[in-house]
Amino acid sequence: MNPIDLIGVWVGVFITLMVLSFLYKENPFFRLTEYAFIGLAAGYALAASLRLFVNQALNPIFVDGNLTFIVPVILGSLFYAQFTKKYSSLYRLPLSLAIGYGLGVTIWSVFATFFVKQVTATMIPLFTGNVLTTLDNVVLVAGTILSLSYFILHREQKGVWGGFTKIGKYFILATLGAVFGSTVLGRMAIIIQRVQFLLGNASFPWRALGMGTATEGAYAPIAVVAFLVIFGYYLYREKNKQPNSGTTSKVTKA
Amino acid sequence: MLELIPGRIAQAILLVIVLVAIYEVARFASKRKLKTRGIPGLERIDEWIKEAAKLNRSVFFTPGTGGITTPDTLAALALLGYVAKHCVEHNARLLVGNSDPQVQQITEDMVKSAYAKAGREKEYTPDMVRYISTRQFAYAAGIMGILRREKPAVNFFVGDFQAEALQIAETGRGVAIYQFGGTTNTDQLPFFMTTCDQTLIGEELYTAQGYLTSDPEAISRLIGPDAGKILAILLILAGALLITFGNSILIALMEL
Amino acid sequence: MSSDKKKMNRGDLGLQVIIFSLGFFYAIVHYIAVPGIVDLQAVSDQLLAYLTAMLTAAFAIGVINLTRVHVINIKRKRATWRYSIILLVCLFAMAIFSMIASPYALDPQAVVIPASVIAFSTPIWEFLFYKILVNINSSIFSLLAFFIASAAYRAFKARSLESTILLAAGLLVVLGQAPVADLVWPGFGAIRDWILAFPNTAGQRGILIGAALGILVFSVRRLFRYPWGD
Amino acid sequence: MAISSLKSDPRLVYLILLLVITVPILSNAVIAVPITPTTRALYDFIQNLPPNSLVVESFDYATSVVPELHPQAIVVTQHIFMRPLKVLFVALDNNGPPLTDAVLDAINKGNKTYGVDYATLGYIPNTATLIGMPSNIAQFLPRDTRGNPTASLPIIKEFPAAKDAAFVITFDDDSSALFSYLQYWQGSFNISVAVGATATIAPGFMPFYNSGQLVGVLISIRGAAEYESLLNQQYNCCLGISGASSAMVALSASHMLIIAMVVFGNAAYFISRRTSKREK
């Protein structure tokens, strides 16, 4: 039993419930976690990108003695000119370098990966002797062509052409349906792991998430009860502060 | 001396063909002042704003979390210009919620100039255009708070959206009478489609931008890529038909 | 918002030449080689090394913007100014401990920073990351499960033929995804796999090719014209 | 349970969802998971990699989607460590490196030693670094996360350039990392690519699996549970190391709830619409 991990589990439970309390109603507990998160994430990102600056810019200069890297460091420091009044336009120089190289690599890679490879992969036989794979291939070829036709913007979608684009839209709707169905899997996975955590269930990957081990985890429910008591007291105090109006923001459709 | 890297020759040639085709179609479109195809629902926006004014309820607009260089955000701002103009005309109260500081500045100027063009600058109040947060869920919580408090008649959420779109869509559906959405982000489009009265799917968002701005150059930029799409359709058809009869010459060519 | 065509002054032209030349080089280097004269790939890699050094130099831009916004909040005593204090405290605490004891430690082998300080900071950083940051972020995202459940009941209506198709495909995928469905009838899982593999692939490919052309045109246009935002 | 109260106040739905998930978890029930073709394709690919091949694992997800992708990272990493393979760990998301350390701390690393069989090279901040790595790893990632110079590591001496890698798997939560690997690593060097994807973006990757650009796709926590059961069938180990398998009953229950909600929601919607039509 490691005391730091035990406290960590309880703090983790409190944080989880402070966030989930938003479901009951917006409250200071939720806002506290939000602001703390923005700060922690920004501070962490600063350290990560500073380390990279040391690795990729200072390391070549001071460790490898390659002084040519001084030029990119100076150019990079011009990014900070945007905070000055007089020299603010100087930051456009390093930005243009970044935009230039970005455009170059985007052009060939987007064209190869998302146009050429996708077109070539759709050149498949429309009749394969086997009924099932024939159906699959026809759906794939026709579906790709028709959904592409839906995004042709210069022709009104009327008449025969309108018929094609309408079927194309149905393929896109089936795609969006698949995305919707798949999203349900993703969202449920997240809440299931949170509930595994709150219940202190042994199946939660405690060690692989740096939360100690299942032995400390088993004490999570204690913190759940503690939080519910505190939150209940907070709601009780809130109710007394405004005796007249209902405290919960009723969501009613007009 | 100069040689083409094997395995990428077809890509190079095809890239040139596609770019030339797009350039020619774009030039033809701007010369002939073609219009992009109409988008169902754009004309209904006018009626919705009129109804909002009648019910003395506000119209809410949020362009998502994208920055000024994100294509979706630019298309959303074009739509905001259109909505702001009509809100001023029917004197419906417009509210805008932003996530990106630079977009906040631009939307402030746009709403101010909408009032200025109608000669009613003093009616513009700073709280009409609000900066919330660059942070995804702080932004979503902020928008939901505004929707619940202000109870707008019409809720526009168009532009660059991620997972927070569902929260806005669901809260908006519970509060607003009409909801208008649009994004190119396929992952979020299902939540737009099932909760909005009208949704701009993917590139339709840019079509709306082309439809609203009468500038022929902008429209030709939208119609140009049609050449690439038609080329893709023809290549797929040709390749599929050829391989159906056992001839894979086109596939071999593409992988040259 | 058709921006007025402002004439490119000398500065803009210079930047546009930089954008064009670097962009054109990085587009061409993929397709052509000039054996014997110069190894273009090596030139491109060396240039990349300089570019990465330049890009990483902008490491503090985000934090400066964020700090300025919240310091103004505090000075002007805006409604949420107390939360801004908490944000800034968290920001600098996490930054300092991450620089001492995280995978991004500036001096992991205790050359400058005394080993005792690193040993003291490591558990604190691990607490801040694994026990606080991970839990807040996972919990915020878990809210979405509740929203999708309530939206499933209150908002996802088959108002039109279009939303009916979407919901039908969606529910078939949801059904096929649930492991228990396969015990009832393995066909559910097969239907889900089929929808994902064929109609979905066709629709995604149509969207992908359209989007790729949009990005391609946007990129090529930007090579030739400086003013962005148009 | 008045249907109308459900309509006006979503919190009842939240409570039902919580119950529908809590009960199966408390029951610790486990259920067999059918194997999706894209999961088996990845498993077979890794199982058949020739000995001493170099694998690159890229942790490109933020802590927000840990429940979806972390179990995948655990089971795939465990499988790779059970085979005679060499592994480099990188990350396109700054949350990656600590999550990598936590996975390495939890799995059974056998007799593999750091620096020889595997190394953690840390965060890749921009595509420029990613594009440079296939030519020279040490030049673009000069230090590993433990502060050692990358060039001094035996694994880098053996594989100085990432283009020698047999395959890269990215655990990705927003498709930008996967597209970068497809565009730059596969586009230029034909390195095989696989993805562990969150469920929302997984359908978007099917065209790349169909075209052969992807050798496998793991879909969220269910992909992890399938992979875990395949691993268990082969090596008779590792059941429960990722927590994914024990979530499958709760997953089924929550999915059935969503279906019921949509069906009931639409039923209530049509009934109210028909009654209002009759009243007009």
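Per-chain numbering from 1; labels A, B, C and D assigned in written order.
Assume a residue touches a chain if its C-beta (ideal position, glycine included) is under 8 Å from a C-beta of that chain, and two chains touch if they have at least 3 such contacts.
Keep in mind that what you see is a predicted model, and the values were worked out from it rather than measured.
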Remaining touching clusters (ignoring subunit B, no chains moved): one piece
Interface with the most contact pairs, given as the two chains involved: A-C
Gap in Å, rounded to a whole number, between the CA centres of subunit D and subunit A: 14
Separation of mean Cα positions, subunit D and subunit B [Å, integer]: 31
Whole-Å gap between the CA centroids of subunit B and subunit C: 20
Sequence positions of subunit C contacting 2 or more other chains: 30-31, 48-49, 51-52, 55-56, 102, 104-105, 129-130, 133-134, 137-138, 140-146, 148, 150, 154-157, 162, 166-167, 170-171, 174, 177, 196-197, 200-201, 204-205, 207-211, 213, 216, 220
Subunit A, residues touching no fewer than two other chains: 22-23, 34-35, 37-38, 44-45, 48-49, 51-52, 55-56, 60, 101-102, 105, 107-113, 115, 118-122, 140-141, 144-145, 148, 151, 169, 172-173, 175-180, 182-185, 187-188, 190-191, 193-194, 209-210, 251-253
Of all residues in subunit B, the ones touching two or more other chains: 8, 11, 18, 137, 163, 170, 174, 186-187, 190-191, 193-194, 202-203, 228-229, 232
Residue ranges of subunit D in contact with subunit C within the complex: 6-7, 10, 13-14, 16-17, 31-34, 36-37, 62-67, 94, 97-98, 101-102, 120, 122-123, 125-126, 128-129, 131-132, 135-136, 139-140, 145-147, 187-188, 202-204, 206-207, 210, 222, 225, 248-249, 251-259, 261-262, 264-266, 269
Subunit D contact footprint on subunit C (complex, rising order): 30, 41, 45, 48-49, 51-52, 55-56, 102-105, 107-109, 129-130, 133-134, 137-138, 140-142, 145-146, 148-150, 152-158, 167, 170-171, 174-175, 177-183, 186, 189, 193, 196-197, 200-201, 204-205, 208
Parts of subunit A lying in touch with subunit C, wherever the complex brings them together: 4, 8-9, 11-12, 15-16, 18-20, 22-23, 31-57, 60, 68-69, 71-73, 75-77, 79-80, 82-83, 89, 92-94, 96-111, 113-115, 118-119, 121-122, 136, 139-148, 150-151, 168-185, 187-188, 190-191, 193-194, 197, 209-211
Subunit B - residues contacting subunit C, complex: 1-5, 8-9, 11-12, 18-19, 22, 68-69, 71, 74, 77-78, 81, 101, 110, 137, 163, 166-167, 169-170, 173-174, 184, 186, 190-191, 193-195, 202-203, 206, 213, 215, 218, 221, 224-225, 228-229, 232
Of subunit B, residues touching subunit D in the complex: 162-163, 170, 174, 186-187
